[in-house]
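Contents: one structure, followed by commentary.
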Amino acid sequence: MSHPSLLDRRDFIKCSVGGSLAMGIGSVVPAALCQAADSVPPAGERILVVVQLTGGNDGLNTVIPYADEAYQRSRPKLRIGSADALRLDDSLALHPSLTGIAELIDDAMASIIQGVGYEHPNRSHFESMDIWHTCRRKTESRTEGWLGRYLETAAGRSGGDVPAMHLGRGQQPFALASRNIPVPTVQRLEEFQLRGDPTGSLSQLLRETSSIDDSADSLLGFVQSNTESALAASDRVRKAARGYRSDIAYPESELAEKLRIVAQLIDSGLTTRVYYVQLDGFDTHAQQRDTHAILLRQWSDAVNAFIRDLQQHDHHDRVCVMTFSEFGRRVAENASEGTDHGAAGPMFLCGGGLKPGLIGGHPSLTDLQDGDLKHHTDFRRVYAAVLRNWLETDPAPIVGEEFEPAEVFA
Amino acid sequence: MNSLESVDPQWAWQPFQPSADQPWDRRGAAHLYRRAGFGADVSQLDRAAQLDPAEAVAQLVAQNQETSEFRTVADALAKTVLAGGDPMTLSAAWVYRLLLTPTQLLEKATLFWHGHFATGADKVKDASMMWQQNRLLRQQALGNFSELVQAIAKDPAMLIYLDSASNRKAHPNENFARELMELFCLGEGHYSEQDVQELARCFTGWEIKNDRFRKNRYQHDNGVKRLLGKEGAFDGEAAVEIVIDQPSMPLFLCRKWFRFFVCDEPAPPDKLLMPLAETFRDRGYDIAPVLQKLFSSNLFFSSLSVGRKIKSPVESLVGTLRSLQGTTNTELLARGLRDIGQGLFYPPNVKGWDGGRAWINSSTLLGRANLFQQVLNDSNTAFAGNSLQEYLGDQGIETPQQALQQWETRLLPHPLPSPVRSRLLQSFASGNSAEDGGFRDLLHQFVSLPECQLG
Amino acid sequence: MKSSWLACGFVFPLGLLLATSVAAAESEPRTIPEAAQLLPPTVVAYAQIPDLSATATELLDHPLRQRVEALPAYGALRESEGFGKLSDAVAAFEASLGMPWRDALSGLTSGGIHFALDRSTEGVALLIRADNSATLERFRGFVLGLAQMTTGRIGPLEQGQYRGITAQAINANLKMAQLDDWLLVTNKSELGKRILDQYLDGGDDNLASSPKFRQACASIADVSAWGWVDVQAFRDAGIAPRLYEGKTDNPLAEVLAGGILSELQHTPFAVATINVDQDGVAVNATSPHRRQWQTGREYFFGTQSDVAPPLLHPPDRLFAASLHRDLSQMWLRSGDLMTEKANEGLAKADTQLTTFFSGRDFGEDILGSLRPDIQLVVTVQDFQHRQPQPAIKLPAFALKFQMKDPERTRPEFRRVFQSFIGFLNVVGAMDGQPQFDLGSVQLDSATLITATYVPQVGQEESTEAPINFNFSPTLGFAGPTLVLSSTTELAHRLVQTVEPPAPVAVESDANTAAILNGETLKRVLEQNRAQLVAQNMLEKGHAPAQAEAEIGTLLDLVSLLRDARVSLIVDDDQLRLSAAVRVDSESQE
């Protein structure tokens, strides 16, 4: 990498501020210096953004085998005809709401991994979600999530910034749990700012005093350097938020708002490697048509805007958006024009470095297990691919040795 | 590297003798109160400084139960808010206790045990069970370790937290058995996998039904177990006794206390801890004598301890408020503490809080400063019932210089470097001067300093 | 029961819309305020306190005063620093004016206090008219002295001349001038000049000549204060556009106030009056209304004869509300009524609810089976002989509907209710919650389907039972009436008792009416005193005694409240929103 590292910048500020204080002009100079530091392009580490579709997304009406007679038969009321769907090829099409995803596929920025699931599928939301989060069954000891285990192996690689972040409210996803790495849950960008510091005088003061005396005392030195990097990160986030220009109009939805924040954080140069967001409501047991269309549109439009935004700011090649749901839904629709809990479904990857388009065949609609689609790709193979090819970590200790990375990256 | 290697264990735990280098004064008393409690106001510090250090420690240890008056108030408060069923309000009720308890060491030790026997309300969900456990921890906080562990082994919140609410002889549940040895008593390396399985058999039949502990004798494995070198048809109680009587137990506990009360790092060598561990064993696993020895020691008042800990969020927030006789919206504070990593009743996992450097990252540092800002500007925050400026005025403090001097003594292990002090004063002068807001800003800046994160 | 001013609605002629209306001709504006002759026609909001002194007298000599002064909290207030400052200020005021403050107030404001917001200059103006210029002169001196003190500047204030009249700057924003017995304060010199011009030159180019304003004035009776807003001007200027787009994000807000949103989209102006008298405070807001503005919200307004059912009046009533709303229509038409965001939420909710009602369409089949008469009532529960007793004591509440086709819908609702209780039992069991016992009670002319929480073993006589024990959800049928109640007891009352004749006639023609009773409110708070004290301790960090004292004060204050009412009345040419708070002057002790 040709950019000066974060550390260089920090030292640069430190020396300059120390020097300016000695000359007695402390309050004037650093602002300009910090701007100089700020204009350094962010470090180019790769980033994973996980989008969780909570409730069990109906994969069959997401990637639609429109030409399959079995589909027509199983979905007399809920089927989506070839006229409405967005055709991918002679047999498959996307749900009409997914124009954003279709556009990304055309631009070679999205891939769909079909038929993803696991052996002996569990149809409880909670249990299946736990399996996706931990890669373990209930009978095994599971105190950590797969991302938590990744964070442990990558500990110390994210500078002073938090290694992962959950955007949203409420309880953190199990996937992020680990024994040693706390992950913050963030709702607003303001949480990165010092409160009650409208003029920036407090951060100025902390910045200066943090570098006055880097004493030999290691604990104090540690807190000081963390204070500095916290302020530097805060500064970057603030400037990024304030100066953030984007021609991309994000749709008005919670998911889009979260992804917009992620885009700003990425652009600010935060060294956070993993972001986690959720979209709830996919448990469509009745009157599925409208709700499912709304949810898919919210997801597709938000992800599309996010990727376009990253493109504008030249981060698209280092961000991968992975979308999953805890299970698909039954092949046959139920009597309330909805669908019940099922098994295998598609996963989506969007961003740079992908093998674009459809990966793996659509599961058969006639060869079912208990009325559900059979998976042909274990989800842990997708995780393994993301870990090895994207995050450049050995996946074996995280997902288990038996799971070969799926071939999803170019 | 490890400066504790060269410390003479005999010297370390001998009663502290004040000297010209290490005098016993307000600053020393403040160190004692910060570690053995959360912080003390000026009059408390003055009173302590009048005693000799051993007496001051003895006094703290002697208050090993709350006065009935305060307990009545605090227990009634907790019980009343339980009705709402939200563990977060219970968390606020604990903050209330932390801010106002007259028995600081007891409360600090209760917090220690909460981290040691970590149990999270996000999983247990039932506030009244969390409260029941909290009462148990407080009851035995300075009592007897053996009795404490026996009670914890039957505590509904603990067993639910560890997925051990049922334990049948056909499928012994190893979870509690493992944590009992790994996290609560011995530490890794002092037991085998075989011991875990055998210990789990001893606990079969122990279960939680209707929120209460009971022994289901039909599910208890009456067979002979081989546990940690002993053999017999042990039941749960006998098994706990065997674990506690392991020679590595006292050292394991003393190591944890050392890290919690004396210094974050470096790790102390075993030989340094031996005198403490011996006291623990000789006194039949009574907790108070060990802590009394620890707090009145040479080592505790030496430079190896003073300023060698990163304050936890509770120590930082509650400590600052207590040092200034502050009260505030406890619900706000309880939520804020949770946001910056130390939610009471919400430890991160069964290991409890790691402490030390783990408290600090860029998000928690800003979080601390912001929480202080929120608390200081909350209309419910008062200092001995007054505004900060009035409170300082009542103590004859009119200028920012005087205020800083007072805060340094109470809140900091070492005086501020003079450039930092003058920078604070400069900032005060350029701000809205001697109004109450000016002093609040000054305090906000003061507590946000890296120096103020050390205790 | 005195409620004279509740009935004092006023006729609102719609001159602009019904130019030939006889009513308009008859009630030729009684009093166009003189201040309006000084204000430019571009004023878009105007408010007046005609007789501040009388209002002050009403308040200060109120029979309630004795009760207030008897409160312990009042004593503490008198000791407080703020009160001291107030006394000092009053003393200074009296010294400057050379008379007791009440006399001074009466003289200074005898011609009213007038407030105006002007569109063209974006300025605000305050006009006060005194009974003589000498007193006013002294008052001006007092204000200037105060201004010097607060700005910390000694010496003369910045001042300017316009057509021989001197204006002084009170602070960076406000300027003040005296015109004989008028005092003018404004933040925009331009506005000030226009008012001075008007004062010196006269002429008809003023607010008093505005037809919309004249109509508004016509309706003003004797009131303590009133205000007028040119809604159309605000709408045209694009100020707070969301207020006039006629849509909301929040379905509950739509149900309660959707009609008002329609009104804001169309009405030319609105008038509000405030009246203070011995009984309390009453606020009335009215605006011209036309039937055709209701298009799309027929569910809210109904046809001409549709009004809300009477307010329910069971014993121990805490709160009651009655609405005329066709919920089914609202649910089905929500696409037009609410924002995109709200609709996406509703569409998702529809899916969930339809799942719940086993595939029956929630909007069409479930809501559609009810008549558009909704009655809600909340009562205080008596826990005296209850076992177990919940630690937090909540009031009971119930909804009362009329079914269109009772024979057909009754079994449906019964089944849904039973499966809902079953669902709660399953979900509750996973959460360790107590379980419901389903039952039914057959009365002479009614049936109750009841669900009762079963206490856990050993908890039967607990006085600290979980909050669940406030509830015994019950569905009641009596003829076409359907009652959904949080307790069996309340359902029992509602299906059995014949409603007493509606006690307050004024509500009978309301589209929406609600009442809150003070005495029962106090009882609910009393029942939960321990909880309130604990909450106060946590929130304020108070010691128990301090918290007890604050909650005591709260209860004392609540005991001053007799009741509070709100009603919305729509007729052919106007829409009226009334709110009233009545106080209880006599101690109940």
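Order of writing sets the labels: A, B and C. Residues in every chain begin at 1.
The working rule: a contact is a pair of C-beta atoms (placed from the backbone, for glycine too) under 8 Å apart; a residue touches a chain by one contact, two chains touch by 3 or more.
All of these numbers come straight from a predicted model, not from anything done at the bench.
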Between A-C and A-B, the pair with more C-beta contacts | A-B
Most remote chain, CA-based centroid, reference being chain B = C
CA centre of chain B versus CA centre of chain C: separation in Å?
-> 50
Once you find the CA centre of chain A and the CA centre of chain B, what distance in Å lies between them?
-> 36
How far is the middle of chain A from the middle of chain C, if each middle is the mean of its Cα atoms, in Å?
-> 46
Which positions of chain C touch chain A when the two form their complex?
-> 340-341, 344, 347-348, 350-352, 354-355, 358-359, 361
Under the touch definition given earlier, write down the residues of chain C that touch chain B in their complex.
-> 390-392, 431-432, 456-457, 464, 466-467, 530-531, 533-535, 537-544
Chain C touches which residues of chain B in the complex?
-> 73, 76-77, 79-85, 89, 92-93, 96, 99, 125-126, 210-211, 327-331, 380-382
Residues on chain B engaged by chain A in the complex (per definition of touch) = 122, 175, 264-265, 307-310, 341, 348-351, 354, 357-358, 360-367, 369-370, 373-374, 377, 417, 419-420, 423-424, 427, 430-431, 441, 444-445, 448-451, 453-454
Which of the residues in chain A come into contact with chain C in the complex?
-> 252-253, 281, 284-288, 290-291, 294-295, 298, 335-338
